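The following block contains the structure, expressed as structure tokens.
Letters A, B, C and D mark the chains in the order given here, with residues in each chain numbered from 1 onward.
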């Protein structure tokens, strides 16, 4: 931690402040400049009451040297986190694909799609049962029945199931019936939910909030991990910018950035980012080439009649084409789609 | 609703599509251009399956003519919503001030602050009991004890209490002990929470999300109102932009925008937007001059030792100065601070 | 300047690097931590080759302690800059208003508007002669004839003239005929233009770029001032954010921020920020209450037939009302509109 | 063009307005709804004075159906633009790489880098001679000498030269000595410059502004094309968002978006977007997989001593590795790096 003092703080005041800070158990070194002095703090600076110091009238600014996340930090956990689930493995260098419809709509729909995405090489089935919608007047999902249908499709195909939780009131149901619990972008900083998910023993797919920084995403992962659940999958799904051509702006730089800062697996959701089915192929290829550990792609057997997000869903035939391309791109780096 | 068709859709196809749309019970008028045709839909267009139409291969784009919010819409409710609470009135043209510390810390603290802000002319007491914090390692609030202390301070001063709910699990406690329930920026699209708050009979102070549009704020208000609770107070508290000098960018244009679109009262939170105590006075004055119905201002009796957000808290003495200025600005438009 | 070293740099390497840095003529103090060391540099750090150090493999990060702008910095120039121009004074505590049409269209138009805005209390006449337009197919201004008409209106009313320069090729013309030269938002980082304007002896009204930070605005002012022209007026006119209700988001926090960082006068342009005439009154009042030194407001005698930006122009009658309100708000702080 | 009228405009007023609009020579069809009427305009709507109509008191809103760019629009020019330059071809399906240092610093430097990037497979040499810098105190480039050194390196290697123009005063020099003229992000809306570049007969590499939309980028291309110069290369180089980990956020969705909207070649600059050399490889691969026509990559033989942007420059050895990967990715789609 570096503390920049205001101009013209007297030498005596600098010393008094330094001594006060030393009481937190850290070492303080003073760099006395002509215009202003700088205090360098070393030791366990987490013991320092930063907010109190920021209010000190001698202090101009505090600059953090260490990242505020620990359990999610690659510095303290250099090896990649690898998550095993049934016969699937995430984060071991291969490219894992989660695919399925935006919303579960019927048994036929979800089973047909599950079969097709499995045949194409997807490893996980996604499908929304509880849907967070901007408008109270939009379709809100099949809810409990949706969860049941996902289980049916999972039994039928062997694909583990990924679906979004929108309320802690359904947590027990999710623990029974879901393989990976998704936290949506709008709940990324629902800290009450994150704390509870820290207590469960299921992998969590944590989507980045629309206006959350990379550091904030890692702090939200830290909430879950601090509770004891270390199986967190990070997912970039587009951030909100001034550009309106796409629904959101997919931030693929997040892949190398997260890779450097953290050991957790990194997934990309090109479907929600773009909001246009015809953009999913190029963006999926880009994400794979950029080093993502996985992709989550919306596929619908009848997009024109989908109850939500049809506009961004691939048909199973389109999905076959994308998967073929992804296999070739993964192969360049000696990776497999599986 | 206006539907723009793709280039070169044949006249026959335009007719077929128009007839299909008429089955939704709306009237369709065709504008046939050389490059493309446009369909104008009138009648109850809420019956039209927009998502399905967007997927139609003849359709280029759908443009909405009506705003998607109804109960929050001034068009259907021209009179301002006025909320009465004990002896206080919000939204009747006066300027209401909510003040208090970021976090409730102790009985002495909250009572002393409550007395001072009341003496200065504030009408409501704020104070955080359950705190949503970016880091799991930060102070998370006094929780239940915090609620109790707010009640004590309220009894002592007569000021109704405003505090933030972070989990539905505490809803019953809030219903017993809180006068206005605040939904924080990070929960603005926690739709599960909004639905439940639609069932209660307490005013809701709904903060705009960091990256939420004005329309999305109104859609979240709509969720609460659709559930039957029409006492929603909208609160702008800064949006996330590229500028890092301030914590967030206070969007005062939201005041005239919301005033035109909606009949709900509009509050401004200058403390969280700026993140600097020394900016609170100019921004509070700006908000008052711009026509806000109320302000929510952080005040702490000892900012240097505050457990959270001391940097943006006014002292009671500073707050006195701000309130004097606000009274003069309100007076220009014949308004009172009360 | 603070240099954070990478983890596990050996003591010997720290010493070698420190000695190398001392060759720049600055003093270096080492704070040796367990995880990483920090170097505090004092003295004239402008001599240090920062980019080279950032590339040093021992360096993790460099944090600047001093702002990069000097001549625009209040630290080195505590008194407000006051600009005198004919019988007008800017920056002396009063509120100066620049008003006029987006584009000069005809002699009758500009003279009529000039008379009306002068009668209402404006001190300067604005009007576009050379118009930067997003589309090559839009009206590009009357150009030279526009400048001539502004001069005529200025003679007629005594109001000094403010207009935007879009090319250095017209600089001589501007020097002859314009009182304050405006640099538009899109040219805020046209460094070639800024350098030339540093050589002239006319005040420059420098508009903040749509996506420029406060620091970048001050760095562009620094370009002009470094050339020798110290009469720079800073102008906030809305920044680009995700919100689309308004054309841009007016950032009024920039007023206290710039006031603290710089001694230059601060103006606000509510017309371009909002893009809606009905928002100009509340935003102008907000800007005045927030402490702006001046406002620049679009006024047109016939907005419905304006050749550009009619939608955001006030009529002279509307402008009268706004000016009356502004006088009352200025009066609260003992300021005059003049 | 679709014109939405305000609520409760009388039938008579609708008819009067429609007749007035018909005078522009377009056809008007009326869709009369209960709440509001909609006018659909067909024919040559470029003749309609949109700004005037927007001011009409009966009009609520105008929605454009056609994109405002014509010459850059794929609708009117379905075939990709292919640019031939000496023995190089851009936009014919292959992947073209422009490489070189941020700034030209010396003859040895630029020749050594030119040789290395050519050997690795680059087709064009970049290097800054006139540098737009945020601070007036930073290195501003070797200017004329820089141009001469680029020519020398070009003769030595046969690589055509790409460099940025920052002032029209140097245009003649550029016409003599440069093969592709680059317009930097900060000059994307320097319309005066765009107009002049429309008159020259050299390809223009037009970089997207930091906060410019895809449509605005195409409108700036339109300025150049409207002047008669149709050889415009579009270049995405990162947009400004709230994220600060990277210098800017690379928007790869712009590739499919521009591909659909326009026939012009699309390049990506991963170096400036990220601001970190270690991100250039993954982002370059992503751009290639996403379908870019070319890349512009910063390479320096001694990044640690570069006079600008060393932090984001690859070494020639790193560049070799990137080029090998790019060849494999291009090969998947049957493309060649050349």
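By definition in this document, a contact is a pair of C-beta atoms (placed from the backbone, for glycine too) under 8 Å apart; a residue touches a chain by one contact, two chains touch by 3 or more.
Just so it is clear, the model here is predicted, and its values are computed rather than measured.
Visitor: Which chains, if any, touch chain A and chain B both?
Guide: Common contact partners of chain A and chain B, which must touch each of the two, are C, D.
Visitor: In terms of C-beta pairs in contact, which of B-C and B-D ranks higher?
Guide: If we tally the contacting C-beta pairs, B-C comes out ahead.
Visitor: Based on mean C-alpha positions, I'd like to know which chain lies farthest from chain C.
Guide: A
Visitor: Calculate how many whole Å lie between the centre of chain C and the centre of chain D, each centre taken as the average of the chain's C-alpha atoms.
Guide: Measuring from centre to centre gives 27 Å for this pair.
Visitor: State, to the nearest whole Å, the distance from the C-alpha centre of chain B to the C-alpha centre of chain D.
Guide: Those two chain centres are 39 Å apart.
Visitor: Rounded to a whole Å, what is the gap between the Cα centroids of chain B and chain C?
Guide: Roughly 31 Å separates the two chain centres.
Visitor: Note the residues in chain A that touch 2 or more other chains, in rising order.
Guide: Residue numbers touching two or more other chains: 211, 240-242, 244.
Visitor: Draw the chains as dots and join the ones that touch; what shape do you get: line, ring, star, complete or other?
Guide: Chain contacts: complete, every pair touches.
Visitor: Would you mind writing out the residues of chain D in touch with chain B in their complex?
Guide: 2, 4, 7, 27, 29-38, 40-43, 61, 63, 65-66, 75, 211, 240-242, 244
Visitor: Which chain C residues qualify as touching chain D in the complex?
Guide: Touching chain D from chain C are residues 46, 51-52, 54-57, 68, 132-137, 166-169, 186-187, 189-192, 194-195, 209-211, 216, 219, 222-223, 226-227, 240, 303-311.
Visitor: Quick one: which bits of chain C touch chain B in the complex? Just the residue numbers, please.
Guide: Touching chain B: residues 211, 213-215, 239, 241-246, 249-253, 255-257, 260, 273-274, 278-279, 282-283, 285-291, 325, 328-329, 332 of chain C.
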